[in-house]
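Pasting the structures in now, so scroll down.
Heads up, the next two complexes both have subunit A, just with different partners, subunit B and then subunit C.
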Partner chain A sequence: MNLKRIFKRSETFVLLIIIAFSVFVTIKNPAFLTLDNLFDLLRSSSGTAILGIGIFLVLISGGVDVSSTTIAIVTQYVSITLMIRSGIDSMWFLFGLSAFIGIVLGAINAFFVSLLKVPTLIVTLGTSSLYHGIMLEFFGTRSVNIGSLPESVKSFGKINILTLTRADGSTYGLSIFFVILIALLIITYVILKYTVIGRSVYAIGGNLEAAKRAGFNTRKTHFFVYTYAGLLAGIMGVIHLSLIRYSNPNYIVGTELGVIAAVVLGGARISGGTGTLTGTMLGIILITILEKNLIMMGLSTYWQQLFIGVVLILGVSITYLQAKFQQSGKTIIATEEE
Partner chain B sequence: MKNKLPRLLQFKFKEPKNKFLFIIMMGTILIMFALLPEVFLSSTNLKSMASQFPEFGFLALAMMLAMITGGIDLSVVATANFTGVIAALILTKGPAAGMNPMLSIVLAIAATIVAALPVGLINGFLIAYIGVPPILATLGTQGLFLGIATVITKGLSVANFPKSFLYIGNGSIFGIPIVFILFIIGTIFVWLLLGKTEQGFNMYMLGTNPIVSRYSGVDNAKIIMQTYITTALLAAVSSIIMISRANSMRPGYGSSYLLQAILVVVLGGADPDGGFGNIPGLLMAIVMLQVTQSGFNILAFSPFVRKFIWGFALLLVMTINYIAQQYGNYKRVKKMRQSTASEAT
Partner chain C sequence: MADVFLEAKNISKTFVGVKALDNVDLTISKGEIHCLIGENGSGKSTLIKVIGGIHKADSGTISIEGNLLSGKDAIESIRSGVQIIYQDLSLFPNLTVAENISINDMLESNQQVVNWKKMRETAKRALSEIGEDIDIDERVENLSVAKKQIIAISRALTQNAKLIIMDEATSAITSEEVKHLFSIILKLKERGIATLFVSHKLGEVFEIAENISILRDGKLLGVYPSHELNEERLAYIMTGLNLKFEPYTYESDKFSQTPLLEVKNLAKGGQYKDINFQVRPGEIVGIIGLIGSGRTEVVESIFGIDQPDSGSISVEGTEVSIKNPRDAMRHGIAFLPEDRLTQGLFDVQSIGNNIVITVIRNFLKRSKLLDLPKKRTCEHEWVEKLSIKTPTPNNPANSLSGGNQQRVVIAKWLATDPKVFILDGPTIGIDIGSKHTIHEIIRDLARQGMGIVIISDEAQEILDNCNRVIVMSKGTIIKEFADSRDVDADHLLDIVARRVEIGVDA
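Right after this comes the complex of A and B.
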């Protein structure tokens, strides 16, 4: 790949912004570029990144999923409530239950998306209201605090696969969340790149009708995309729980805009069936470090919403401007991973 | 058979779907009436219903305009928050600084209109000139304008406006709430826009097929710009009603209206793919929603049950639309088969 083409990829832009911003922050606060802070960032943003994979998948299939954050909180709250009630103190049980609920909710999404010929955003807006309403009505609105949390959940969040010691003797390390993220990234990459179902996700995102006529089973693809996104949301729910060791039925909901912004920033676009996992992860990294350092830039937390809005608008504008130029043949942009 | 029906049901609807909608609406009203006769038909309840829906009705009008052109405006509630916060600040800071309350009211209303213009321009520009799909563009501006409103107020609510301003939201003329009259005016405006102007005609054409519209000499970009400026202005009017009724404004107010606006617009016969949508259908859908909403209030349903019901209703309506469409296709195909079969013999 020649240099010119590399510079026309949105991933390159995002990476450059990340580097520039990191240099800026490091100059202001040298503590930023330490392994300690890096591990902490990875630990706290792995969940968001996993949610991002799901949103990315939906986006390249030609849809927008605003229900994934709701699925995450519903799986988290329902499964931890059931776990406490049943008295089973096992992480496997929690993960299994959460993943199962995520898959079921994702399948309901898929059912409506593949049945109705309406924008997926409207469908997922409806289902997210449905899921959240049902959970709040039938599973309660009270938070689960650290005292009533099973032991396995608390200890799971503290597992490090690599432990280092600070100067003062206390330890820090690379969290197991990161390992889960990497595993899911590899699995998703392999599915998208080497399996028929993975290629069909790109195909239906590029042109649903064309994909149908080319012989892809679009209904099956929709089911795969949304159940997989539901599964990832379920995993994210558990990770979020063991990260903050607290479950509030109104958490996570409302953060979907930020994740969508990150994924779009990474170059995925709904009308082209294009985008890469690398871009998605870079987008998530950028949004995370920008968000965490807003205060350092002299902005209070009120600015967060505005800021995500601006990033999302800029992200989509750049992606679609590129597409426009590409169509008119002025430039050739490599947007595919092929 | 037709002559046996009461006169009312013989009334012909321009849109075939509206006939079903009319029957469902009457059904909803009858159920509510049968369940709670003395509460439901009381003048207090009718009056409170008439003053409750306009703030949301304006957002639905805006949403319908966007959907007719094949788009969607997810930023309506955020726009109303943004313009509402600006108006609220003028209404509180102005009189506090010694400004004539009347002047501050005029200024506040003018400010919402002025503030709505850039919103419409940004939405329109992103969609028409950059080519961002309306869903993503307005999702972004939703964050942006809600964010600006949050930054301006630091997330707190702005309250206590001049008394004469509250009259807009709570007063009535000859027993009819002013907000209801405003809504009627707004509806007539949109009805005229859609039915009697070139802009309206072009909006339907753009929504049906943008390429055909382009090749018949229509400036698609201009139509899109005008559409999103209109939706922003309608959201601004809604914000005046909101703050005047509540006597306060806080960013995030009315966030549940977004889902409801989409719900009534789809229920009222608009197609998210564009090209369809009409005022009578929308009005019937709004009446239905308001009647149900009042029913929930009287029955004291929890907000969670409502959240669940609105989500469910949206999916249900879209499913029914889909089935009706499939059934229509099936009938058409059958008819064609019959006619070709009769020709063959």
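Right after this comes the complex of A and C.
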């Protein structure tokens, strides 16, 4: 039954692939395994990782959320537009506004999922189109470029909590984005592991009917899951903005499958109930370094898309395969014990 | 009666014009093991839901230890010590044993923070109360059904259960595991905890129940001390029919002695080996063995679902090569799988379509289009022959009761005009009246010269219907009774469970 064990620990798999891949890339390009490059990777992928936490949470609860990227861009674009119009030059204001919009949009998802009992994939497909359409119609389609960005946004993206100097005298450092990611990881971990609402997320993902019978308020759980995912998407929207210092209302949308693939790769079962935050982060790391190094390996970026497709299909098949292996692996004839 | 725990009086409940319960009484004493028996649709589930506070009775009263329940919500019943373990067990497959056992306790305590240490202690305590030792860190999805049941019982104990209601508790576990379950129930009894078994099946419950309440069509037919009942009498009370169990007799002189089916040295790595047996015309051969004894695997190989590694299969004296079910059907073998819902029936399709699916090619006209009138005639013919209870074969198969669904699956195979018919668990989950009808159908087929193989883990079913019995264990045939009259049910079960020494080498 070793096979079963290995399948259970997809984290181990992913970690091994990351190590193998890193070794391979480093041989081709020694600059890969430097602190400089590592910090740069962390800075540019923290946003994706935050989005991944939200998608992970929804998967655990037994749903699939394809609207989180849309929520991220909507919160980003709407809140920066409002910030510029209001003239309030404060990151707190931007974060607060963005988080608020994210929570509201998440609550709308939760409403459809828990009260109308529509399948989550359909709900989030529908709402993502709805949210994006509303934004494009009522808040405009023009990009916000660096010239019109408030000062606080531009400087926020440059904050490093640890600064080091390169040989040529220029500096690099560990971005504040990473600190936000770590903080959110810890908060999410504690909620999932040590609070009743956190356990209820696992419970409804494992057996919704049993969760109701046990006395969980499953509506409350659904609202928690989707508003939390919305909140995370809101935070991601702001981070993304201060990273690229540009807001295009068509950015981020369309990358959701990649993030879902990363989370599934990290061991979260698409059928719900099972998965770890560690696995989720490993999945994100793997997808990110693959993405950044495809060209260096002499492959076109289309391979990324192909790879995501393969991961998703495998991820969906794995629950089925597990059941199948358990069956065909059964041994009936006794070994010489009697 | 000072020691009465639960007293339900004159309970009536109507659902959209259908009287589900009609003036039903039920009394359970402290520590009593009671059994509630009734066919599907007799009102058993409604009654336990009324007791559990999930449905409110239209009239009647329920009191627990002398206190009248309002019947408004489930919490009231739970607080009074009533725990219902549904057939699906309501466990969380993705969570650990510890969490599954103590989850209700955690929710009851109304805290927002999880105390893992306390959770593990609660789980350990509950398990030790019934003397069980299960790794509390294992995920529930990796456990057997029997173990899952123990988890569900332990969870009930954390809620200070005084009455545990178990819905169809013995239907998905082996007879060994049933014995173990009963030993747990007896331990609960010692502690004054009553158990109410709810079942549609006779058999095991006799061993343990003190009193048996019988429901039919929402009415209580009576409460009997279990020693006053036997299967025949219970069957009579339940169905109102005098169902006589008369063993099937094989009249060897009426038929040819050339075996219809002969299996020689069949083996498949890891699943079964040295399988030899014959089925002659007019014979009903029973294969009995525990779940996992290899019995299903052997017949699946004969039907071409999973090919054997070695050995031969002969039909009417000629060796045949069966690579897939189509080959098997061509050679006149029909197979009724164990799980009719997932393997035997297209449940949203019409009854008629289900019946003719195996022979649909026979209705093709020269134009390669279906001859619908001919198809319809065939459908009606089978519905009539097997007395399938439906106004029309056009109704969907899932509109039928379990017993009638099984008849549809049987009809579907009979339509292929088989020589050998293999039936795996032909009466699983079927109520007693239909069970009898299905047994009659099978016997009739044998009397007309068909060779029948029945697989079952019910010793009585095998002995009543088969003239020859094969016992399988761990992938081999450990015993064969050429005449089923040479053995009784208890002895047969002992052999199945390998509790007795048998002269045959395993």
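Simple rule for what comes next: the second predicted complex is superposed on the first by the 304 of 338 C-alpha atoms of A that agree within 3 Å, B and C clash if a C-alpha of one lies under 4 Å from a C-alpha of the other, contacts with A are read in each partner's own complex, and residues count from 1 in each chain.
The working rule: a residue touches a chain if its C-beta (ideal position, glycine included) is under 8 Å from a C-beta of that chain, and two chains touch if they have at least 3 such contacts.
In this text, all values refer to a predicted model and were calculated from it rather than measured experimentally.
In the superposition on chain A, A:Thr274 contacts subunit C only, with no contact to subunit B.
When the two complexes are overlaid on their common chain A, residue A:Val123 makes contact with subunit B while staying clear of subunit C.
Looking at the shared chain after the overlay, A:Val316 reaches subunit B, while subunit C stays out of its contact range. When subunit B and subunit C are set side by side, the one touching more residues of subunit A is B. Of the two partner chains, subunit C is the only one that A:Glu209 touches; subunit B does not reach it.
Applying the stated contact rule after C-alpha superposition, one finds that A:Ile197 touches subunit C and leaves subunit B untouched. Residue overlap on subunit A between the subunit B contacts of one complex and the subunit C contacts of the other is empty.
Here subunit B touches subunit A in the complex through residues 72, 74, 122, 126, 130-133, 135-137, 139-148, 150-151, 154-155, 258-259, 262, 266, 272-273, 302, 304-312, 314-315, 318-319, 321-322, going by the rule given at the top. Within the complex, the subunit A residues that touch subunit C are 193-199, 202-203, 205-207, 209-211, 213-216, 272-274, 330-334, 338. Against subunit A, the residues of subunit C that register as touching in their complex are 75, 86, 88, 90-95, 99, 103-104, 106-108, 111-114, 116, 270-273, 292-294, 297, 474-476, 506.
For subunit A in complex with subunit B, the touching residues are 64, 112, 115-119, 121-123, 125-134, 136-137, 141, 257, 260-261, 264, 270-271, 300, 302-310, 312-313, 315-317, 320-321, 323-324.
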